[in-house]
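Two complexes come next, and they have one chain in common, chain A, joined by chain B in the first and chain C in the second.
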Partner chain A sequence: MAHIHLGEGSFPLWALVLWTLVGVGLIGVVTYRVRKGGIKTHQIALAGIGAAASFAIFQLNLPVWGGIHMNLTGLVGILAGPALGALIALVVNIFSAALGHGAVGLLGANTLVNATEAVVAYYIFKTLMRMDWDIFPASASAATIGLSAGAVLMGAIIVISGVNGSALPRADLTIAVAGLVGLNLGVAVIEGILTGFVVQFLASVRPDLVGLGDRQQGEEDLSGVTA
Partner chain B sequence: MQRWKQYGSLAALFAVAIAAGLWGFRATGGALPWAKRSAKALQRGVKESGGSLIDLGRGVVIAGPIRKGGMVLEFVGLIVLLVAVGIALYVYADRYRGLNDKTA
Partner chain C sequence: MTTLSNHVPDPRLITAYAEHRDSPLHRVNPWTKFSIVGALVLAVTVADALVILAGLYAATLVAYGIAGLPYRRLGLWYTLPLLFIVSVAGPLAFLEPGTSIGGAIGTPLGELSVTWEGAILFAELSCRSLTVVTFTLTATMTTRYADIAYLLGRMLPNPIDQVALLTYRFTFVMVETLEDLVKAVLARGATLSEFWANRRTYARILGMTLLTAIERSERLVKSMEARGYDGDITLYGDVPRPSLRGLAGVALCYVAVVGYALVAVYGVVSL
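Take a look at the complex of A and B:
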C-alpha cells in the first residue's frame, strides 16, 4: 500500500524534478521493451482488468491499522508481468492524482514506488515457482516482499528529498519515516494473504494465468504471463 | 521444496512484517488514517500512541481526498469506465484467442 500522500509543494523542487525524471526514465524503458517485445492480445485484457481492480481498491480506505488502502500491485505484477505492471502503476497513479488522491507533482515518485512493488513481486513469484513452491505461499510471499520493497523505496524517497515545512532534523525524519515504512510492512501481510488467495483461485480455474506453463518449461516471459 | 519449509518461510516473513507493522503503528500515532498519520509523523516525528488495530465500526470508506473533495461521482464513473473497458478487452481477447495469439 506504499503511496506518498503528501500534498503539492511538500518536496523541494529539485526532488520533484529528480523523481519525475527517474519515473519518466523507467516508463521509457518499459515502453521500449513492450514495443520491442510486443504484447499478446490477452495480456492487454489482463492489464485492463488489473488496472481497474487496482484503481478501485486504491481509493477504498479499510478500517485496519488505523485506516489504510491496498494497491494490489503485487497481484498486478504477478498476473500482468513487470512491464505492464509498471504501466498500470502509472495509469492508476494518474487517475488517483486527478481525483486528488496523491499529488500531481509526486506522480513520478509514486509511480516508481508502485512499479517497484509490481516488478519485485513478479520476479520473486517466478523465482519461487521455479523452486517448486506451491501457488499460495509463492504468491503471498512475492506480494509481501514486493510491497515491502515499495515501502522501503517510499521511505528512501522521502528521506532523500526532505519535507518542506518540517522542522525535523534529518535523523528524526528518518526515524519517523521508518515508522511509516514499518506500518506498511504490516499492511503488506494483509495484501499478501489476499493476493495468495486470488492467485490460488485463478490457478485452479485458469492455471495458464499464473504461468504454470512457464514453470514446466523453465522459460521467462518479461511481458507477463499467458492468458 | 517441502511444504513445511514453504509455509515456515512464509510464517517467518509474516512474523517479521507484523512486528515491524506493530512498531510502526504505535510509533506513528496509533489508530490514525494513513494520510493523517504520515502528515503528523513527518511534521512532528515519532509519537507513541495506541488504539485498536481494527475498527470495524468505521467501515470501508472512499479515500478522504475524493470523499471530501466531492469527487465520488467521478470516482464511480471512472470505476464503471475501467471495468467496462476491462471486460470489453477480455471479450475481445477471448474471441481472438484462437487466432494464434497475435502480438498487438
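Take a look at the complex of A and C:
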C-alpha cells in the first residue's frame, strides 16, 4: 500500500484543498453508486471486517529491507471489488491517520492512491482470469500492476503539489521523488508476489472467494460491488 | 524474529490508555479535541517559520505529557512518520538550493552537500509532521472507544459510517487473530526471520487472517439480519456538544491560525 510519503503540512494549502476535493469527489461517486445499487448486509460486513483485517495486517513487520509493512490493498481490491475496495481504502486511511500513520490533511490524496491500487488490481485480475491465466500469476500480476499504478500516482501527486517551503524546481523535485517511487515499485513486486500466494491459498480453501467456485454471484454487479 | 511491530501503534494499547487512565485531557470534550486536530493541520500547513513550527511541536509534546502518556512509546511510534520525512525531505536537504554546510562530497553525479536551506526545510517538515502525529495520538489515547465510535457514526455518510464502525469494532479481534497465528507458527518451529524462504508461511498467515475475517463477516451478517439490521448500527452512546469554554478555545485556535496566515504568511491584511 503506497502512501504519500510526506507528513502533515508538507503540501501547500491549495494542494491540500485540491486533493481533499478530488478525494471527496471520488468517494462521493463511489458512495452514490453503492447506494444506487443497493448495498447488502453481507457487503457492509465484508467491507468492515476486510478493512479491519487490512489494518491489522499492517501491524506485521515483514523482514525485507530492514522491515516493511503492507496493507494488501491490491488483495482487498481483488476480493472486495472496486467500489468496496475504494471504501475500505478510505476507512483504513482514516484509522491509520488516527494512529499517526499517514497525514490527516492528506486523507484525500492517500485515499485516491489506495483506491487506484484496489480498482486497478481488481480489473487486471478479472481480465487475466478471463484470459485463462492461473490464479497465482494473475493475482500477483494484478496486485503488482495495481500497486505500481498507486506508486506512480503518489509520485505524480507530490510533484504536482510541490513541497511546502521548498524552492526546488519541479524537475529536481521529480528526481527526488523518482527514487521514492522506485522504492515503492520494489515493494509493489514483493507485495504482488505475496498477494499471489495469499490468493492461491484462499483459492485452495475457499475458491468461491476469488470467483472460482459455485458462488458466481460474486461477479461485479451494477454498483461495482462484489463478494 | 518477526512479530507484530512495536513501531506501529497498537490499537489495543491506545484504547487501554483512553479507557483506564485519567487526566485533564481525558476530560476534554471529544468534539473539541477533534476540532483542534483540524486547527493544527491548518496551522502546520500555513506556518512558514521554523520557530513557530517548533513551538507548536513543543506545545503538543507538553499536551501529550499532561495526558500522562508514555514518551518512550511515542519515540518508537515516530519511526514511520520519520521514515516518511527522511524518504523525501532527506534528498531535498541535499538538492535544495542555498549555502552548503561544511564541505561537499564528491559523487559520480557531481558534488553533493547539505545546504542550510535544505536542513531548515528538513527540520520544518519534521516539526509539521510530528506536531499533528503527537496531537492525534494524544486525542485517540484520551478519547474513549464509545466516544470515537459516536464521532465516526456522526461524521461519516452512510454506508461509510457502517463500514467504519465495523472496522473499529473488529480491528481488535483481527489484531489478536493475527497475533495468535504468528505465535502458532512460531510455536510449531517456524522461523520468520527471512521473507523469501518463508513466503508461503507468510501467505498462510495473511490468508488465514483474511479467511477468518471473511468467515467472521459471514457469521456477522446472520447475526445482524437476525436482529433486524436495516442499514444502521444503533449507537447508544452520546457525546454532548462542547462547553462554551471549549467552543471559545476552538474558535480562538482557528482565529489565531487564520489571522496569522492572513497577516504574516499571505500578507492579505497588513497591521
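Throughout what follows, the second predicted complex is superposed on the first by the 198 of 227 C-alpha atoms of A that agree within 3 Å, B and C clash if a C-alpha of one lies under 4 Å from a C-alpha of the other, contacts with A are read in each partner's own complex, and residues count from 1 in each chain.
We adopt the following convention: a contact is a pair of C-beta atoms (placed from the backbone, for glycine too) under 8 Å apart; a residue touches a chain by one contact, two chains touch by 3 or more.
For clarity, every value in this text was computed on a predicted model and none was experimentally measured.
Q: State whether A:L72 touches chain B only (first), chain C only (second), both chains, or neither.
A: second
Q: Touch test for A:M129: chain B only (first), chain C only (second), both, or neither?
A: Neither chain B nor chain C is touched by A:M129.
Q: Identify the partner contact of A:L60: answer first if only chain B is touched, second if only chain C is, both if each is, neither if none is.
A: Once the two structures are laid over each other on A, A:L60 reaches both partners.
Q: With the two complexes superposed on chain A, say which partner A:L185 touches: chain B (first), chain C (second), both, or neither.
A: first
Q: Mind working out whether A:P137 is in touch with chain B, chain C, both or neither, as first, second, both or neither?
A: In the superposed model, A:P137 contacts chain B only, not chain C.
Q: Touching A:L153, do we find chain B (first), chain C (second), both, or neither?
A: It touches nothing on chain B or chain C.
Q: Touch check for A:G100: first (chain B), second (chain C), both, or neither?
A: After superposing on A, A:G100 lies in contact with both chain B and chain C.
Q: With both complexes superposed on chain A, which partner does A:N164 reach: first (chain B), second (chain C), both or neither?
A: second
Q: What is the contact status of A:G48 with respect to chain B (first) and chain C (second): first, second, both, or neither?
A: So A:G48 meets both chain B and chain C here.
Q: Return the residues of chain A at which the contacts from chain B and from chain C coincide.
A: Common interface on chain A, chain B vs chain C: 3, 5-6, 39, 41-42, 44-45, 48-49, 51-52, 55-56, 58-64, 67, 69, 95, 99-101, 158, 163, 165-168, 172-173, 175-177, 179-180, 183.
Q: Contact residues on chain A for chain C in the complex?
A: The contact residues of chain A facing chain C are 3, 5-13, 16, 27, 31, 34-35, 39, 41-42, 44-53, 55-64, 67, 69, 72, 75, 79, 87-88, 90-92, 94-95, 97-101, 103-105, 158, 163-168, 172-173, 175-177, 179-180, 183, 190, 193-194, 197-198, 200-202, 205-206, 209.
Q: Of all residues in chain B, which touch chain A in the complex?
A: 1, 3, 6-7, 9-10, 13-14, 16-18, 20-25, 27-39, 41-46, 51, 53-66, 69, 71, 74-75, 78-79, 82-83, 85-87, 89-90, 92-94, 96-97, 101-104
Q: Which residues of chain C touch chain A in their complex?
A: 2-5, 8-11, 14, 37-38, 40-41, 44-48, 53, 77, 80-81, 83-85, 87-89, 91-92, 95-98, 117, 121, 124-126, 128-134, 136-137, 140, 157-160, 162-171, 173-175, 177-178, 182, 192-195, 199-200, 202-207, 209-214, 216-218, 220-221, 224-225, 229, 231
Q: Flag every residue of chain A that touches chain B in the complex, lowest number first.
A: 1, 3-6, 38-42, 44-45, 48-49, 51-52, 55-56, 58-69, 95, 99-101, 131-134, 137-138, 140-141, 144-145, 148, 158, 163, 165-168, 172-173, 175-189, 192, 226-227
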